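What follows is a group of structures, each given as structure tokens.
Okay, so subunit A shows up in both of these, paired with subunit B first and subunit C after.
Moving on, here comes the complex of A and B:
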């Protein structure tokens, strides 16, 4: 096993900030490229690359409207907590062989905890503006989140079985010969569904959705909107990096340096999530709950069984 | 020069609502679902006196700096959509360059109603719940359709709600996301909200554009709006049928069928069947290489009361899909009742 290099606190903060800033920007560009590609609009590379910067500039100059009788503490806390949880999730994911911000032996558990607490932050976002559609969207999201949370738990535990460890670094090491996407073929698609749920994208766009006039973000403007969108992209980066590490072999790959492989795989997952967001229609919360409990959860059990049998 | 699209919220009267959907095809404009996201408010069509206050409220919800453009005041050349988009972009640039020109509030910056001062917490309900503090209904527990006691929230939807046809107004009671009761504002309970009428294929494509937007497929909505613009411009566009077929093929991979199947069943037809009938009608018309009027969804006309009964008990998202699936004729619904 590689010697793990624990980063100093100041360096760790710089690394996490850099990963999130670059990741959020790239994820935003991916959204533009995905939308324009599917819509059949002209794709100008320079325009797409500058789009997030232009949007950020415009929103920073726009008024952040205060709604009637909001819960101001939670209104501020929601995007901050969502972003903070994404940052916490990134800390336990190894960036390259032996380099991880926080070498926690129970990294999978910490990642799962951040994911579970994200539900609270997202509900706060719906609750806090004191607005009917935002509130309905918040409740609806929680109803759906409870269903995909179970999927996530079983899928991540299954990935930990071959590694005989809850450390994400150890899970990457265990894929030196065979990646988990081959060893546990159900794991990747199930975890992608969880990723779509936490980032309320594509078929699980049940929070900030058009059918509720913008849902949880119906009252967002200016910096409030910018902060929420930033946090959402940060969470997408955290899940993409986790997917790359847990299912796609992390830093393993020929020729290129391990860190570059990790970055390329993370980018590929970000691109996939971005295209699924644009390309797949939203399904109702009730249908997803039925699907999750009736079909996806049994698949998660089967995935766990496959992992267990493989470990014998 | 590459720029980011200007975000626009549309407040459209029922007579102009389909027309404004064509703006989705324009690269410099992006229609947003809430006024909070918009820089420009586009007012289009006839706004009845009963909707003026709602329009003012929508206007005041736009964050500063904001501007207002009026569709019917824009002098159009050959292409009205291009002219409107240019005006919107110009308005946005002017107000962003000089925020002091931002459109001032139309309503007084005060609570819409006085604090009621009733009940232990003053909101006019019971305990900590219910009532209408400052004029906004607060949820209050009530028995639901399954005999459970859940928070009941009463709301008025419309007339400028992005996901519903322009001008449509409905009073709805929600428990969770489930509609417990709904009543449409119309000329009479027997007013038909849709009919087997003939409309131009361009209008049908604009309906498709909005319907795709509501289902979360905004990129596909752009494609449908572009086809609608081509259809309106040229009577004989041989590539139109092929491009529509291509759009329809790609739509099959979006999971739309699963999202619409078994939603809003009536007389053995669900929302998916109604969508299919719309798409078949468009394809049939385009295959004829002209823009002849096409008939509507081919289903039996439905009255406002029947539609309300149909969607009571549905989740709000399925209710919206069902309403959109009917392609409601709002002017006919609100002004020309047809007694059965």
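Moving on, here comes the complex of A and C:
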């Protein structure tokens, strides 16, 4: 195994912050580009590039509405925890050969824990404003999230089998000859479904959509809304980076340096998630739960079987 | 000499105990559930400090998923709309207090008088591999039996509590008996409402609600 360079603490904080800031910006630009190009709206590059800044400026100047008797601790904690968990998830993903913020041996388990806790943070976001629609959205999200929680873990464990390690760095190294997207063809689509779910976008936009009576964000305004949107984009980056590392070979690729390959692949996944968000219509919660337990979970077992047989 | 790890241990321990106490002081199932989760998260962090890296992180992951399930299912099964009804989390408070004091005293006696082994784990040793060998070696029968038993328990509890169980509508058993032999088994003023029952059954895990009863208002609303 390669010598892994563990970054010093101040440098690690700078690296994680940079990944998240750049990632959140790019992900928000992707959102507006996806929406406008699908809608056939004329798109000036300058306008798209400035869009996130405009949204941030508008929301930071907007009045902040206070609900009646909110759970203030959880109301502040929810976006902070969601963002913090995205940051924690980014730390275990190798950014280029031998460079990872925290080279823990249980990388994918830690990623899974961050993802599970993100579901709690999202529930708190619905619970805390003391508002019926937000609460309904929170419970609906949890009920649906339980259906893809298992998928994510089985898919990640399957990817760990050829690497014989739970470290994401080792999983990337195991893909030197053959990427997991080909070796385990079911893994990538299943993990993309989980990514859409935890970032509540596209078919699984069952939390925040405007036509679900505002959903979990119905009471959000001003900085609260800005913080929540930022955290959501950060989580999308964490999932995109994980997808790139676990299924798309991470830093492996010809000519270009490894870090650049990793960035390009992460960007490709962010763009894919952004366009799926616009293209794919929302599925009703009940239908998705049936689909998840009846079809997707057996596919995840099949994926695990393929990985196991391949390892023998 | 007090190092970072000692400080972290004290912080996590105090937080674990404090949130554990909070479980019994709050008045809501959801708050109690997630305070319990907070307590477990701190215990997981202590396991990581002890270099039981996999067990610690797996505890974070498993307990989070478990508490999400517990919170959702408690609210679903206990007729407490959205977990918002205030409720006391303590039963038999005097007995519980006495049992708590005795248990705490027992743990304290062990902590003070037991002779703990001093065998620090080498940070380089492959504890994850050793754990895997243990789980799938000598202890395999125990763990697999527990796993299957828990799985069966969960499936059975869902079946028993779902509105549409294996033997038809779960509401059948919960309506009042007939007032006279051979009479309608539902008095006119019974609160039983077939519309509501149908609407409710659609929320259950088993989606077989379409099998019995015509397409009525409850379903229409749900499909739209």
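Going forward, the second predicted complex is superposed on the first by the 312 of 312 C-alpha atoms of A that agree within 3 Å, B and C clash if a C-alpha of one lies under 4 Å from a C-alpha of the other, contacts with A are read in each partner's own complex, and residues count from 1 in each chain.
Here is the rule we use: a contact is a pair of C-beta atoms (placed from the backbone, for glycine too) under 8 Å apart; a residue touches a chain by one contact, two chains touch by 3 or more.
As the structure is a prediction and not an experimental result, all values here were calculated from the model.
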Which superposed partner A:117 touches (first subunit B, second subunit C, both, neither): second
Which superposed partner A:38 touches (first subunit B, second subunit C, both, neither): first
Touched partner set for A:109, first subunit B, second subunit C, both or neither: second
Touching partner for A:290 - first (subunit B), second (subunit C), both, neither: second
Touched partner set for A:127, first subunit B, second subunit C, both or neither: second
Per-residue contact with subunit A, leading partner among subunit C and subunit B: B
First (subunit B), second (subunit C), both or neither touched by A:220: first
First (subunit B), second (subunit C), both or neither touched by A:166: second
First (subunit B), second (subunit C), both or neither touched by A:139: both
Residues of subunit A at both interfaces, subunit B in one complex, subunit C in the other: 135-136, 139, 143, 286
Subunit A to subunit B touching residues, read off their complex: 34-36, 38-42, 44, 46-47, 50-51, 54-55, 58, 61-65, 68-69, 132, 135-136, 139-140, 143, 202-203, 205-206, 209-214, 217-222, 225, 278-287
Residue ranges of subunit C touching subunit A (in the complex, touch as defined): 30, 34, 37, 53-54, 57-58, 60-61, 64-65, 67-69, 71-72, 75, 82, 84, 128, 202, 207, 222
Sites on subunit B touched by subunit A in the complex: 2-4, 27, 32-34, 36-37, 39, 61, 63-65, 96, 99, 111, 133-134, 136, 153, 155, 161-163, 174, 176-177, 213-220, 222-223, 226, 253-256, 258-259, 263, 315-318, 320-321
For the subunit A and subunit C complex, residues of the former touching the latter: 104-106, 109-110, 112-113, 116-117, 119-120, 123-124, 127, 135-136, 139, 142-143, 145-146, 149, 153, 166, 286, 290
